[in-house]
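Note that the chains are named A, B, C and D in the order they appear, and that numbering of residues resets to 1 at the start of each chain.
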Amino acid sequence: MIENAYSIAELMACVMARNLEDGEVAVMGAVSMIPMAACRMSQLTHAPNLSYISGGSGAVNPFLDPLVFSSCDEENLRSEAALALPDVILLEGHGKRFDVFFGGGLQIDQYGNCNLICIGDWKNPSLRGPGTVGLPFLPRSGRVIIYTTSHNARTLIEKVDFNSGPGFLDGPESWASKNLPGNGPALVVTPLCALDFDEETKIMRLKSLHPGVTVDQVVESTGFKLVIPNSVPTTPEPTQIELEALRRVDPSGIVRNLL
Amino acid sequence: MERTSKVMPVSQAIQRFMPDTCDTLAVGGMHMHNNPMALIREVIRQQKKVKRLVTSPSACINADLMIGSGLVEEILTAYVGFEHLGLAPNFRKAVEKKTIKLLEADEPFLVYGLQAGAGGLPFIPYPKGLELTDIPKVNPDLYRFTTDPYTGEEVMTAAPIKPSVALIHCQEADPYGNAIFKGSEFTDRQMIFASDVVILQVETIVPNLAEKYGSTKVNVPGFLISAVVEAPFGCHPTSSHGYYTFDEAHLKSYLKSCKNPEAYGEYFQQYVTGISEKEYSGKIGLDKLNAMRQKGDVSFYD
Amino acid sequence: MERTSKVMPVSQAIQRFMPDTCDTLAVGGMHMHNNPMALIREVIRQQKKVKRLVTSPSACINADLMIGSGLVEEILTAYVGFEHLGLAPNFRKAVEKKTIKLLEADEPFLVYGLQAGAGGLPFIPYPKGLELTDIPKVNPDLYRFTTDPYTGEEVMTAAPIKPSVALIHCQEADPYGNAIFKGSEFTDRQMIFASDVVILQVETIVPNLAEKYGSTKVNVPGFLISAVVEAPFGCHPTSSHGYYTFDEAHLKSYLKSCKNPEAYGEYFQQYVTGISEKEYSGKIGLDKLNAMRQKGDVSFYD
Amino acid sequence: MIENAYSIAELMACVMARNLEDGEVAVMGAVSMIPMAACRMSQLTHAPNLSYISGGSGAVNPFLDPLVFSSCDEENLRSEAALALPDVILLEGHGKRFDVFFGGGLQIDQYGNCNLICIGDWKNPSLRGPGTVGLPFLPRSGRVIIYTTSHNARTLIEKVDFNSGPGFLDGPESWASKNLPGNGPALVVTPLCALDFDEETKIMRLKSLHPGVTVDQVVESTGFKLVIPNSVPTTPEPTQIELEALRRVDPSGIVRNLL
C-alpha cells in the first residue's frame, strides 16, 4: 500500500509527467530531481517509449532506481546508453532531437525567459548566480517546461535582469521574427500552480491551481500581470498509479522531501 | 503499456523508411569494413533511387555496388577504392564516363560536414592550409569562404551534411535501437547523429545490451534509430569488426566481374537482384562464413 | 632501448609542467564529480598563478577552491556551483566584489571552443537562436559574429580555447599516459585534446590497460599526456566515477567554512596548505574513504 | 637465424624507420603496410617512445604482430588505445600533434605535391583515382614522408595534374608566403632511391641510391629535373637488427613480398 498523502514536489512531478507523451525525447540539466522523476515515472506509466537524457552525465534512459541528487552522478549510468557530453551538445544544437527541454532560473519572466546569471546589473550584481550552462539551447527545443520551487514575486518577474535562457523574448513580434526551430515555453510548474502561455500575447497564463491554492495567492506571489482565464481548474491530485510509479522511482523520498 | 520494438525484416525496413527517391543517402563503413551490405543489397532490390550518395571518408563496395546498380545520381566522397586490392571499377568508370556527378571532397569535409549536420551548426571553418588543394576549385558549391572574426583572415568552410536516410551497421543493438560498435566507429556514429532517418543492421540483437557491455560502451542512443534489422554476416563481403574478417576472394571476384558487363550482370543476378537477402548467406555458404569469424581473442574488444 | 614512464609524484608533476604563471589553465571534472583535486591542491601549495582559469560547463569546488586561494585572475566558465548543495561561495563573492574578471560563457561555448582548440579550427559558428541570450553582449571579445557563406546570414561564433595546461582526472592509466574514463567523460577528454600540456591524476596505474578493458575503451592516447600522477581518492571531496561517490558532509563543511575568513583559513590550513597531498587521505581517514567506495556493481561500467 | 636477403619494400621500410626519432608521433592512411612496418620496427629498435596512429581504424600504437593489409582492419585494434575517426581528424587539424605524416599519390611532383584524384583534367580525366582522403592535412604536419612503389616518369612528374596533398606548392616563395604550421615534405622513399628537398629551391633532391641503382636510372625514371648532388651515397642495407625487428613485425611477409 502506498501512502496517499503526497508532497508538493511530488505533485509537480505528476504535472510534468502528464505533459510528456509516449515516444518523446526529453533532456534536463543540473538540480533536476523533479524532471528526472517525472520522466522515469512516465516511462513506468503512460509513456514506455519516452526517452530522456540526464544532463551532464550523458546517460540515456537512466533506470534510476533509486533517484539520485546529482545530474552527473555515476548512478545515472545505470542506463540504456551513455553519450559523451559533446554528443549531447550536438543533439541540443540539432533543433529536432528534443521534444522537451526542462528549464528554470533565478528569475523567470512573463514571456518565459529564464535567468541563471545574476540579479541586478551584470557588471554590478546584487546576487551572482551560478551561470547558465545549457539554457541558451531553449529556442532550439521542441517545447520548454519551466519549473521553479520558489513561486514568489522575485522569481516570477516582468522582465529578467539577464536573459540566459530565451523564452518568447520580448513577446509575439520579436519571437515570430526570429523563425526558430523550437516552439518556445509551453508549461511552467511551481509549488502553487501550473501555467501555460497565452497563444496571442505569449504572456504566462494560469492553467491550474494546486489543491488549496487560490487565484489571489498566485497573483500576489507573481511579479507581473498573469493572464487569468475566467475559470481555472484545480490541478488533479496524483492518482494511485502515479504515486506508485513515483515512489518506485524515488523510494528514499528525494523528491518527496524536497519542499 | 508496452514498449515498442523497432526490430523488423530488412525488406520492411527499406520499404518503410527509405523513400523511392532518396534526397541524400549516407552509407556507413570504411574501406572493406562494416559496410552495411544487407541493407544496400535490399535498396538495390527495391530499386530505390538516390539523388546524392554520401560516404565515409573511404568507401568501398558499399558505394561501388550502388553506383554499378545505376541508382545513384551524384556522390559526395573523399575516396572510393578497394585499398590494397585496387581501384573501384564502377566508381572509376562512372566518373570517367560522366554517368555520375562527383562532388569532390576531402576527409575533413565529410567529418566536419556530418558534425555540423548533427549539431545544427551552419558550417565548420577549416584549419588554415587545407584550402591549398585544388578541391575547393572543383567543388565551389560546398567549399566556400568566410571571414574569421578573430583574425580578419579568410577561412574555408565545409557545408553541413544532413542525410535524409543513413544505412549503418552496428555489431549489436537492443530492440529499441541502442547499439554498439565493437571495434572502430569510423564516421558511422556521426552519420547516425546527422541523419533524419537511420536504418540499422546488426549481427545480433541483445536485449540487455548495456548490462552486457556497460552503458558507456553503448554510445548509439535508440531514439535516433528508426529500424533495427538482424542480419548475421550482413557486412559480407566486407568485415564486421569483432565478428568476422573480410572475404578477400569474394572481393576479388567482384572486381573481376566488373571488367565486363556480362560477368557483372551475373554477379548481380547471383548475389543481389536474383535472390532475397535471406538467401544470401546460404549462397555464400555458412561453413565458409563461419570460417571467417574472427579467430583471435575477440574479447579483447569487449 | 627502454620506453620512458611518465609516472611521477604530484609535487614533481606540478613543479615541472606548470609554469609559475600559467596563461590558461583548464581544470577537469563536472559538478561534484571527477574533480582533479589532488592536482589542484598541489597547485595551490606551490602558489602557481593562473591568468585564466577554464572550467567544464559546470565547475564546483575545483574552481571555487582555486578562486578562494586568490591565485586566479580571470575565469572562463558557464557555471560554478554546488548543484543541490547551493551556490559557490568564493566564486560568488569574487564576482560580486570584482576581485576576479569573469568571462561569461554558456555550455556550448566551452564545448565548441575546446573542440576548435583541439582541431586547429579558427572558431565554431553557433546554431541559430543561441545568439538571443545577453551573453554575447557582456563577452564581446570571445563571442563574435561572421557571415554564413551558404545563406548570407549573420552567425555567432565561439573562439577557440587552447589551454596551456590541463589538470585532469582519469580513473586509470598505463605508465605511458594511455587512460580511461570509467564513467562519464564530461568535457575532460576535449580538454586533453585542446591543451598544450596535460597533467593526469589517476586512481590506479594499470600496466596493461588496453588488455584489461579493450583498446576502444582506452580513448585517451598517451602521447597527449605529459605526466601521470597516482592519487588514490584524489578527487575527494568529489566523486570518481566507478570508484567512489562524493563526500557530501565534507562539501557542506567546506561551504560552511566559506562563510567567514577564519573558518576558511582553517579549512585551507587543515586540508590544503598545511599538509602535503600524501597526508591528505590520512587526514580524511582511510576508513571513511573506503566507505564511500561505490557500493553497487561497478563492473557495470567496465 | 634471419635470412639476410631482403626485398626492396623491406629496404624502403628501413629507410623510413631510420628517419623516425624516439618520442615522435606519426600517422598514416590507407595502403600503408610499409609505413606501419617502419613505425612498429622503430619501436622495437631505436624509438621505443615513438607513437603512431593507423589511419581510419583510429588505433594508437597497434601491436601488429603480425602486420595486416588494411589500415582499418580490426587487428589494428590490438593496440594501446583507440580513437574514433573524428578524434583523429582533430589531431590532424591541430597543427602540432603529428611530427610525421606519411603521404603518397598517383602523381608526386618536384615540390612534393601529391595527387590522389585524377590523371588529366579533373572534368575529363584519363584516369580517375580513388580520392584524397586525409592528404590535405599535409601542410599541418611536422614533416611529410612521401613514398611510392612506382618510381617512373608518370608518377614523379614536374607538376601534379591535381594538387590533393600540398607539398611546397609552387616553390619556395609560395610556400613561405603561406606561413603554415608544418615543415613540408622531408623525405621521399621509392624502390630506386631516397630523396629529400633542396633547402633553397624546395625541389626534390637525390639523397641515396638503393644498392645496385645508378644515378642515370633514377634520372631516366623521373619526369622532372632532380637536384643531384656531386656525390650520392648508397642507401645502407638493412642491418641484422633491423631485419630481425621487421620480420618479427611481418612474419607472413606482407611487406617483404610487396614488390
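Worth pointing out:
Heads up, the rule we're going with is that a residue touches a chain if its C-beta (ideal position, glycine included) is under 8 Å from a C-beta of that chain, and two chains touch if they have at least 3 such contacts.
Remember, predicted model here, so these are calculated numbers, not experimental data.
Between chain B and chain C, the least number of touch steps comes to 1. Considering every other chain in turn, the ones in contact with both chain C and chain D prove to be B.
Between A-B and B-D, more contacting C-beta pairs join the chains of B-D. In whole angstrom, the spacing between the mean C-alpha positions of chain A and chain B is 39. Centres computed as Cα averages put chain A at a distance of 28 Å from chain C.
Computed centre separation for the pair chain A/chain D is 56 angstrom, with centres defined by C-alpha atoms. The residues of chain D that reach two or more other chains are 59, 77-78, 82, 84, 89, 93-95, 140, 181, listed in rising order.
Among the residues of chain B, those touching two or more other chains are numbered 115, 119-121, 126-128, 183-184, 214-216, 300-301.
All chain pairs that count as touching, in label order, are A-B, A-C, B-C, B-D, C-D.
Residues 1-4, 115, 118-121, 174, 176, 178, 193, 209-210, 214-216, 218-224 of chain B are the ones touching chain A in the complex. The part of chain A that touches chain C in the complex is made up of residues 30-31, 33, 56-59, 69-75, 77-78, 82, 84-86, 89, 92-95, 116-117, 122-123, 125-137, 139-140, 162-166, 169, 178, 180-182. Touching chain A in their complex are the following residues of chain C: 30-33, 56-58, 77-81, 83-84, 87-88, 91-92, 95-96, 104-108, 111-112, 115, 127-130, 132-135, 138, 183-187, 189-190, 239, 241-242, 245-246, 294, 296, 300-301.
Per the touch definition, chain D reaches chain C in the complex via residues 22, 25, 45-49, 51, 53, 59-60, 77-84, 87, 89-91, 93-95, 97, 140, 181. By the touch criterion stated above, chain B contacts chain C in their complex at residues 119-128, 144-151, 153, 155, 157, 159, 181-184, 211, 214-217, 299-302.
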